[in-house]
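Shared chain: chain A. Partners: chain B in the first complex, chain C in the second.
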Partner chain A sequence: MKKNIFQISPSFYDVMPAEYRELVENGPFEKKVGVSDLGAFKELSEEHPLCAGCGLALSLRLILASLPNPEDTIIVGSTGCSAIAFPQVAVQNIHSLFGNQNAIASGVKRALTLRFPDKIKDVVVIAGDGATVDIGLDMVMQSWFRQERITTIMLDNEAYANTGGQESGMSQEGAVLHMAPKGKTFPKVSLPELARASGCVYVAAVNPAKPKKLEKAIVRGVLAARELGPTYIQVFTPCPTNYKFKPNETIEKIKMRVKEGTYETTEFISAEAQELFARLEEGKK
Partner chain B sequence: MLSTEYRVLRGPEGYLPPAAASMGVVLPEKGSALVEGCIVPKEDAMELIADKLLSAKNPFFFPGPLVLWAWKDGVVEKAKAIKEMAEAAEAKIIPMPDYRPKYPMINPAIEINPNHPNLTIWHNKIDVCVFIGVHCHYANMALKIIRGGTECYTIALCGEAGHEDAMISLRDVRVEDLKRMTQIIMEKKGVGK
Partner chain C sequence: MALKMISGNQAAAIAVQRVGVDLVTAYPITPQTAIVEALADFAANGELGGDFVSVESEYAALACCNGAAATGARVFTATGSHGLAYMHEMIHWCSGARLPIVMVNVNRTIGAPWCLDPDQGDSLSQRDTGWLQLYCANGQEVFDSVIQAFILAEKLLLPCMVVFDGFYISHTYEVVDVADEEIVRKLVGPPAFAPQVIPGQPGNLHGLSTGETQLKLVKERHQAMSGVPLLFAQINAAFNEQLGRSYNIVEAMIPPGAKRAVVAVGATAETVRWALPALDHTGLIQLRLFRPFPAAEIREVVREKGLNELLVIDRNCSVGMGGIFAQELRSALYGMKSPPLVRSLILAGGVDLTENMLLDLLQSTGPEENFALRWGDEF
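Here is the complex of A and B:
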């Protein structure tokens, strides 16, 4: 897809809502922009209906700004908080049945490869922890075993947040939530380790308190999936509503968890991905 | 004139009105059109569209993505013809740029959404509307919602096979058809005879 198909018919230019005109004139399409340029271009999300201080909303904003090829990216979402933000996102996106996101993404990627063999089409799954590690773990891991060339991004708020607060596999051991009053009885699942063991060529755990690191992980994850095989990026997105902290404390909560070692930021780069990134870096010079 | 028992009439028909196709309304053959569920000659339907637009208190055109975006050859010309037709009918235009549901809400003063078109109809007090350039499955859904919940009279100018769920629907609408309707409107207004 090229930007020229995003042109407005001149006769209707005056009636188009301002956000569409801005996207055409100053959107990120076919531009090399990133999180450092936020505020200087029209973002891919106009607004969102998520709670104040939502770590997921902040992360989604950064992820969208980091996509290397938004005009040719297809996002596959799933049930959860992020699903109510996606209708506002100006990137092709598909909502799948709860947990089916990686199966859908596999099919989309294969179909696009057949339909547009000479074009780059990035397929990116963005789903919550419940969809990724609980309900959809089968589909997620099978897509990794099959070496599907898709990027899987988990928005990890450590709970089923928009259904009242149930524990998920990503909740910490002992976590007490509205719908989990007795406290979680088993540890947080280490999906980055599972991803690595399941064949992901690039794995990272990042957070929005470090936007540049998050951006780097997204770019690497998308480029490695495009060329090599499955990639997995886990983004820590704390939930003030269910974990009962003030909306303006989200970033502080992230920093605190990282500091106390209860949320690890990691990066695994396979040898082939290392070679790819070195080649791409060399090409930039 | 062919007919079925079910008529596709101005609403509100009530929550979840049936799809007109399920009630026996069939799409017209080439050269024909649908008026309230009945198949009529295309020229008759064009005349009726002009009458409806000119007698409306607050007519609106709802152009969809297929004509709002200059995505292939010929679209710019078609968009220009639609604008001229709307201007001739003194109708306003509210676009449907894409099909995102845009929760929690859209701004009904400046755009229409196929998932809740009734909001735009109610907000702007629209009594006659024209759908054009909307992909068929979304047009059918929106037309049914409008028929179910509003008293707006719906007209669908379709580039494909037409819409059973509109009160008037033309099929295979090309630039020359739009120009013809503009001419009919101007003649009825007593302009350009």
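Here is the complex of A and C:
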């Protein structure tokens, strides 16, 4: 799809917020940008309402910069911290309810496939850990079972951060949070393993401390979903506000957790995805 | 004319096929299952015109419809009872999102205890969700209402629920004129509503809003509903031209001189219609619409015919207040000069209405009856 189809009506130009004008004119569309180009285009307006040092905001920027075809992508979000930043995002997105994001995305993907049979339309779910692994696990996994061609990205800050820091299925065992004053009593859910067992053709756990790896995972996740079937990418996005560390320590926290082995980075590539990636690499040469 | 001996459920499914939809999402629940089964067959034979997806729950079914409709697709799902209750959050959301989704709800009691009989409490408990609600009295009305629902929904950008009684209609075989695909598609036309999500455009759909914004949006939905009577009349004029039949929002069958009428919806209205010759000086007011509530049309009938007594049959009960149609009716009549006495018979649990019940009820009169409830187990 050509980006120039979408232009602000000249008669409304002067009343559109400057931030929106910037997103339209300088968004990531048709530029073939990546994470190294961040700052050279506009993927998210500076005035987004997420906290200083938010691992989620950083990861969201990296994800938006990594999308292979932002001009042909619909993002489906869910309730949580990311939902309050999505109105400031350049890529077309839908706020679903809480937990039904993968069911909505299934409908979007199927309808886009029918409406644009000859065109590529990517549907990417970006939701928090609570939305993905707790309230939405049913609809997330069922979309995988059905082999819906959508990419599911979890922004894992290991808590219900938007409601003030309560335990989630992704919190570590023993984590002291609201509603878990004596520490969480069961271990962090291993959704990458569940994703693999549920039919995802590509699964990765990445973090914003390694932006190039994150970019690669997003690109692979979207391309494999486009061609083959469901994909899952888990992004570690620590929350300074609720885990009470300084905003400038977010990346350090990630590195520390990876080093101590409490946050695994993994990648699973199914045989068919392996073949697809090899074919795409071959095509580039 | 294409007459077929079919069930209410089949009538609904054939109507959807005749209209042609982009996506049907489905989850089985008695007594609607036959609808989605039939649609799966249509899809498998390439006769649906779109995609069919079996999902894991009613909640996911409506969520999936929501996503598809946001891209401008015409969608359909069907449910009943606990399935509808399970969808509740999405039911509100689809209306707020102004998505013209059409859903059939086949009435079935909501427990506990587990019960399959056709109480209307499932659809009526979705009263305040901003969906249009059409009620059908027989298989022909089911077929026609499903078609009309797509037109109403897409013109007004409001979701529409087509409701009929479990078993009494869903599983009863009647002769139905299932109009040809060509005629139906001409009546309905292709989906003409604008997609809400467009790839490549910065935009956020349904993100955080303010109370002030909500107030404006609710007002817009309310005003959109006020367009139903005129649109309904236009649709039925076109229907009459093409198919030789049409409907009114409020159907009044009042014999000359009768000053009282039974007010009923769905299958009970059909029962009363057949019993009318045996009832002394009594008419029938059949309501086809619950939302928007046809208050003006009812007042007009009451005024014009000089009715002084209405007996409302409610196959439901708002516990602590009584029959839901009776409440709505009293509210609609409030402020009239000498409003009619409104009596109420409650057949909660979907209990059948018999001619004896009607005869017995119509014998007792008096102002003390105005708020007295009569229960279906007293006969």
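Please note the rule applied: the second predicted complex is superposed on the first by the 258 of 285 C-alpha atoms of A that agree within 3 Å, B and C clash if a C-alpha of one lies under 4 Å from a C-alpha of the other, contacts with A are read in each partner's own complex, and residues count from 1 in each chain.
Here, a contact is a pair of C-beta atoms (placed from the backbone, for glycine too) under 8 Å apart; a residue touches a chain by one contact, two chains touch by 3 or more.
Because the structure is predicted, anything quoted here is derived from the model rather than measured.
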item	value
First (chain B), second (chain C), both or neither touched by A:Ile84	both
Contacts of A:Ile8 with chain B and chain C, given as first, second, both or neither	first
Touching partner for A:Val76 - first (chain B), second (chain C), both, neither	second
Partner chain in contact with A:Gln142 - chain B first, chain C second, else both or neither	second
Touch count on chain A, higher of chain B and chain C	C
Chain B versus chain C as contact partner of A:Arg115, first or second or both or neither	second
First (chain B), second (chain C), both or neither touched by A:Gly107	second
Touched partner set for A:Tyr20, first chain B, second chain C, both or neither	both
Overlapping contact positions on chain A, where the chain C interface meets the chain B interface	5-6, 20, 84, 87-89
Chain A-touching residues of chain B, taken from the complex the two chains share	63, 67-71, 75-76, 79-80, 82-83, 93-95, 97, 100-104, 107, 110-111
Touching residues on chain C, where the partner in the complex is chain A	22-23, 25, 50-51, 53, 55-57, 59-60, 63-73, 75, 89-90, 93, 197-208
Chain C partner contacts - residues on chain A that touch it in the complex	1, 3, 5-6, 20, 23-24, 27, 29, 70-74, 76, 83-84, 86-97, 100, 103-115, 121, 138-139, 142, 146
Chain B contact footprint on chain A (complex, rising order)	5-12, 15-17, 20, 49, 84, 87-89
